[in-house]
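To keep things clear, I will list the structure first and then write my remarks on it.
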Amino acid sequence: MPGNSFGQIFRLTTFGESHGVGIGGVLDGCPAGLHLDLEAVQVELDRRRPGSTSLGTTRNESDKVEFLSGILDGVTLGTPIAFLLRNTDARSKDYEALKDIFRPGHADMTWEEKYGLRDHRGGGRSSARETAARVVGGAIARQLLATHGIRVNGYVQQVGATSTTKPYTALELDSVWNNAVRTADPAAVGPMTALIEAVRAEGDSIGGVISCVVRDVPLGLGEPVFDRLEADLAKAMLSINATKGFEIGDGFAAAAARGSEHNDTYTFGTRKLNTPQSGAQVRVEEGAIRTTTNHGGGTLGGISNGEDIWFRVAFKPPATIAKAQRTVDRSGNPVVLEAQGRHDPCVVPRAVPIVEAMTCLVLADHLLRDRTVRAHISAPQ
Amino acid sequence: MPGNSFGQIFRLTTFGESHGVGIGGVLDGCPAGLHLDLEAVQVELDRRRPGSTSLGTTRNESDKVEFLSGILDGVTLGTPIAFLLRNTDARSKDYEALKDIFRPGHADMTWEEKYGLRDHRGGGRSSARETAARVVGGAIARQLLATHGIRVNGYVQQVGATSTTKPYTALELDSVWNNAVRTADPAAVGPMTALIEAVRAEGDSIGGVISCVVRDVPLGLGEPVFDRLEADLAKAMLSINATKGFEIGDGFAAAAARGSEHNDTYTFGTRKLNTPQSGAQVRVEEGAIRTTTNHGGGTLGGISNGEDIWFRVAFKPPATIAKAQRTVDRSGNPVVLEAQGRHDPCVVPRAVPIVEAMTCLVLADHLLRDRTVRAHISAPQ
Amino acid sequence: MPGNSFGQIFRLTTFGESHGVGIGGVLDGCPAGLHLDLEAVQVELDRRRPGSTSLGTTRNESDKVEFLSGILDGVTLGTPIAFLLRNTDARSKDYEALKDIFRPGHADMTWEEKYGLRDHRGGGRSSARETAARVVGGAIARQLLATHGIRVNGYVQQVGATSTTKPYTALELDSVWNNAVRTADPAAVGPMTALIEAVRAEGDSIGGVISCVVRDVPLGLGEPVFDRLEADLAKAMLSINATKGFEIGDGFAAAAARGSEHNDTYTFGTRKLNTPQSGAQVRVEEGAIRTTTNHGGGTLGGISNGEDIWFRVAFKPPATIAKAQRTVDRSGNPVVLEAQGRHDPCVVPRAVPIVEAMTCLVLADHLLRDRTVRAHISAPQ
Amino acid sequence: MPGNSFGQIFRLTTFGESHGVGIGGVLDGCPAGLHLDLEAVQVELDRRRPGSTSLGTTRNESDKVEFLSGILDGVTLGTPIAFLLRNTDARSKDYEALKDIFRPGHADMTWEEKYGLRDHRGGGRSSARETAARVVGGAIARQLLATHGIRVNGYVQQVGATSTTKPYTALELDSVWNNAVRTADPAAVGPMTALIEAVRAEGDSIGGVISCVVRDVPLGLGEPVFDRLEADLAKAMLSINATKGFEIGDGFAAAAARGSEHNDTYTFGTRKLNTPQSGAQVRVEEGAIRTTTNHGGGTLGGISNGEDIWFRVAFKPPATIAKAQRTVDRSGNPVVLEAQGRHDPCVVPRAVPIVEAMTCLVLADHLLRDRTVRAHISAPQ
């Protein structure tokens, strides 16, 4: 059974192989009447694009998105939005030698065993190139979220053992596009950059952690008991190539805490209320129920509680390294492999837009799902 | 849009409130012709049951499951399997005082805001009592998995700051039911038990971590790109009450590693092959592609690679504590809350069967999904 | 893959075998805050109940529905609504002789071939008894529809070759419960009743046609291109036991018509507008776009156009007859079969509530789906 | 909630507007390892293509399909198969005059009311041009079915009041592509052709009926209780533009029949068994349970019984006619409309490939779904 669609109502289906005709997707369920800034979609794609950061692969794809349907004069029609990014810089011959070899840490072996065959060129569909389609879908989702004032920001929090320990509230989240490593802490730019360059020089690779923050999210998103908001976020993150872990709020640290420390107690306060369809127009609600702390990370019982949502995603080091590795070929003969192709020494800088995109897809879907749970329709929050 | 179903083909829908008529579920998509051991289902329920461990709540539910459909003479019919556990020891009056108070760390506030009303008695449907239905579904899933020889074992790895650092391969995984804390490390039983009892005496609560291991899993489970096996496991775990994090294989530690350390290189070796429908009859396949290490945790590219699957799940401390906590009532008046009701000081001992159940549900679903991805049907692995 | 759920958002899953513990269902996605009249649900069940009409089977089931979850003080919680009807008058021994015989026109053979086994007692899950669960779900759907003023009425239009040719607009649709044959045409009651009784006396059975009309339905229900309103209605009707055909509006007669006859031309007129949540409060909208005729049956391009929806459903004669029939047993030996058990000579009188229920389920689902298709939320129509 | 996908496992999502960039789709869940004849896909498209029959529209689209993913060297990879047909002969200016007028019988009004806006050019997504994508998906489905020996054939049975009354068993089903009216009865070609041409000359349009037959279908397809095979076929057919009715086997005629006439009694006989993956290699099974008649149309209890599946689909006359029609504009002013654009006087000749395509999609989906319903996997039938 196919697994290439994400979301229940706001639903993205992606297609394409790394060295095939192109990568694309169909976004079904995007509501009608949304005014799209198509330039902004391209900007997000450019942030993920191979060649977008000096710390990434040298493969150079222009990644210009062509919209095929669903939009008329910049406005969504309520019909499926299909789009295509043609592959232009595929060098399939780099992969000829890999036809009969299973690369350690890559999906070659499992895909071939599962399907009985595989597209070996550039990893086929298991390539991270597929995530370009997610970025397009996520960029449209972000524009729907923006009409409710919701903001989504990711940043690199850790590269190898180098991390920033500042809380997100102390960081300029929008500053990440100003540095190649995509961190929000100016003090971390230097050390992280140096580490990635050192690792590249060694012919090795390195892992990292991305933090993501959602601000001004309305109360009420998430569908218990299985489609809890954090459950869908966890799935979204673990569906990204090379991810190994997800934690929300205090996460694994909560396991060591006591209830009297961890519970976010309530108080009465103010809440910024974003009038839908007019992000600029912000009201302040008095007498809102707020938490005094946010150990939980913005959800309670699987439902957003109106506080910031914050979570972290762990990425393993990229599997492709220039260093020699022992492996076997299809017939079991020992082989020593040295990487061909063009690859990233560290995936997290280019993965920030992907984490953001998947977050936007989850939230847009739940925003629409939430419209159906009350018998009486009222104005959106 | 509803969120009370889990799985695509092997699909469990649960229902019920903590203090309503009962808790139950409908398991649709369980294949026909499976000989069920219904006693074994009850054994799994008993392990989760309130009152099952001396370290848990004093609520005492017999949790006897009544099957309503789908089974004839102990064999599944291929029709929906419905079941019901009636609530017998609900003390709803304990909760009268909580009608107008939002308890910190509980889902009271978010559920009421989302739906416009809530069942305040015992937490209604946000109570962990709902997970009893998951255990029933998971127990049936486990019996389907067993016909393929697949084994699923969870154990408490950490309570507060007390943990066992032994790898799962050094533990007797089946021994967890011999101790109240549900750990697989005999040396950890004492310290973990003492910690939980101390916390209970203080009127506080404590978090923990559960590890889960799947052995003898066939190659090929998982449906990229979104329904990767680890993505569905992550969602399954984060759908359990009180969970805050998920990591597979080296997880967050992989973020600090280099590719040359983390990559699981290939070798040729032997693999135990379980003949479906006859777990006892084990063959050994020569010349199988195996990994020399298992940093990845048993999946590659979102698909099981035939090695053990191992992952960890973080649980926060239970929200209900006897210690006084400041909160507000519905009108914003400050209130000091001391817990009513009967609760667990630490959730992980009773959550082991739930983690196992959700794991079994994910695997059973993917086992069936995998049957549909090749044009030519061959014998199962 | 399971097929026991219906609807995308307002989603009913049914379970149960004819001679098992009982029949029931789980309705997930019913919005919170709907005030339910549970007596009215029982009234609808009673109309389908075996024994409800003098023209049906003599099996006598009280069909008292027990609600297990999702409702507190008569108001929906937004959580799954589970319910159970216990079987009380099952006479399984009537079916012992049928264990090895495949009855003509029954699902015995196909179910056994598909699943490898079957519950032979009373037809197991292929029995029309399953539709009792649909009536419960439909009755709740109807109450959601009623808050929008929508009315759903079915009636028997044809029994064998005896039919009423009066258009539905000339009939008293609510009068069907006053006669055993469930027709809305007083002149047809006599002939239809006489025909069914004659057929019963012969030990034979007879087919029929049910018409269904939906009035005061809002514009805009239906989700092209595949989930067109008439497509989902067609599926709903053909999912009912013994149905052989569906047509909407002029239906098959439209095949013989010309465009200049069939097109429903537009005019400006008035439209009754039902204020949601207050059916009594009816406004009249001036200047609405109306059609001058209604050959189309109330949908256009897969979307309701605000005119009455009207369609017809064909039922075959019940397969079980007392007359001797030649068939074969499991081993291929010729057998002469004379019916055991208690059965209906004509299914349409008792099928009226089922047709209505499935119609209500389709409309409730589309009412909720329609809430998600526009970027800007406005008051419902 | 979106409605642009069809099928559960073998799942087609279509996109595109009539006068936009193009029409296309993504087929997810097509199993891996299927050797595709891409020329045959184009042949099926050519049969539906505007300009393909002298009796249709004069719009001339080459309808050359470009495959974007999921196929390597003519073999399916098990990944999504995306495809695109660019629009080349769109004359959007023909539609400028229709921007503010709602055409009778067209989806203009309902789409605009539902979504708040519409693409008025060529009917946008409500145009039958969308069905080109279904034909591509159906052509691939047909090739999967062919590996099981299943054959699907449609033909025009009725145009206006002119019909062929010969049973399908007396017709050469493969002969339909030899005549422009797409009937299988040589005697009907002349009268049907003459009628369509006469109607066109009058500036009018005419309806019709398509019959469809599935031969050599295995026992066991269909998933009760809701996803019965005939229910999914009915939905598939009513999802096609301009359809008004569906009936299977005796259909509406069964309503007038008695059980003793309608029941298909059993006998023992032979059955042609197609070895999967080798259509040429046909075995004959002795001692199969067969029916002596086929009033039911090939399904029983929602499951295929191994006999031929046969059903009929009613189409209304096309809404666009050259004859003057009274209607209103957006402001309610009376308008007299005479058709602009290029259209078909009768839709059934070009709809035969669409009916076949939707049938193939339903069967392919159910073929894969059936693989998951038994605990023990056996060779396919």
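The first chain written gets the first letter, and so on, giving A, B, C and D; residue counts start at 1 in each chain.
Definition applied: contacts are C-beta pairs under 8 Å (C-beta built on N, C-alpha and C of every residue); 3 or more make two chains touch, one makes a residue touch a chain.
Since we're looking at a predicted model, the values are computed, not measured.
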Chain pair with the higher count of C-beta pairs in contact (A-D, B-D): A-D
Chain of greatest Cα-centre distance to chain A: C
Distance from chain B to chain A - Cα centre to Cα centre, in angstrom: 26
Averaged-CA centre spacing for the pair chain D and chain A, given as whole angstrom: 39
Between chain D and chain B, distance of the C-alpha-averaged centres to the nearest whole Å: 45
Chain B, residues touching no fewer than two other chains: 1-2, 4-5, 8-9, 14, 29, 32-33, 78, 114-116, 125, 368-369, 372-374, 376
Interfacial residue positions of chain D with respect to chain A in the complex: 1-2, 4-5, 8-9, 11, 13-17, 20-22, 24, 26, 28-29, 32-33, 66-70, 72, 75, 77-82, 84, 114-119, 124-125, 368
Sites on chain A touched by chain C in the complex: 1, 9, 29, 31-34, 76, 78, 144, 147, 276-277, 368-369, 371-377, 379-380
In the complex, chain C residues that touch chain D: 1-6, 8-9, 14, 102, 104-107, 109-111, 113-116, 125-126, 130, 158, 160-161, 199, 204-209, 219-220, 222-228, 230-239, 241, 243-252, 254-268, 287, 289, 291, 295-297, 299-305, 314-321, 323, 325-328, 332, 368-370, 372-374, 376
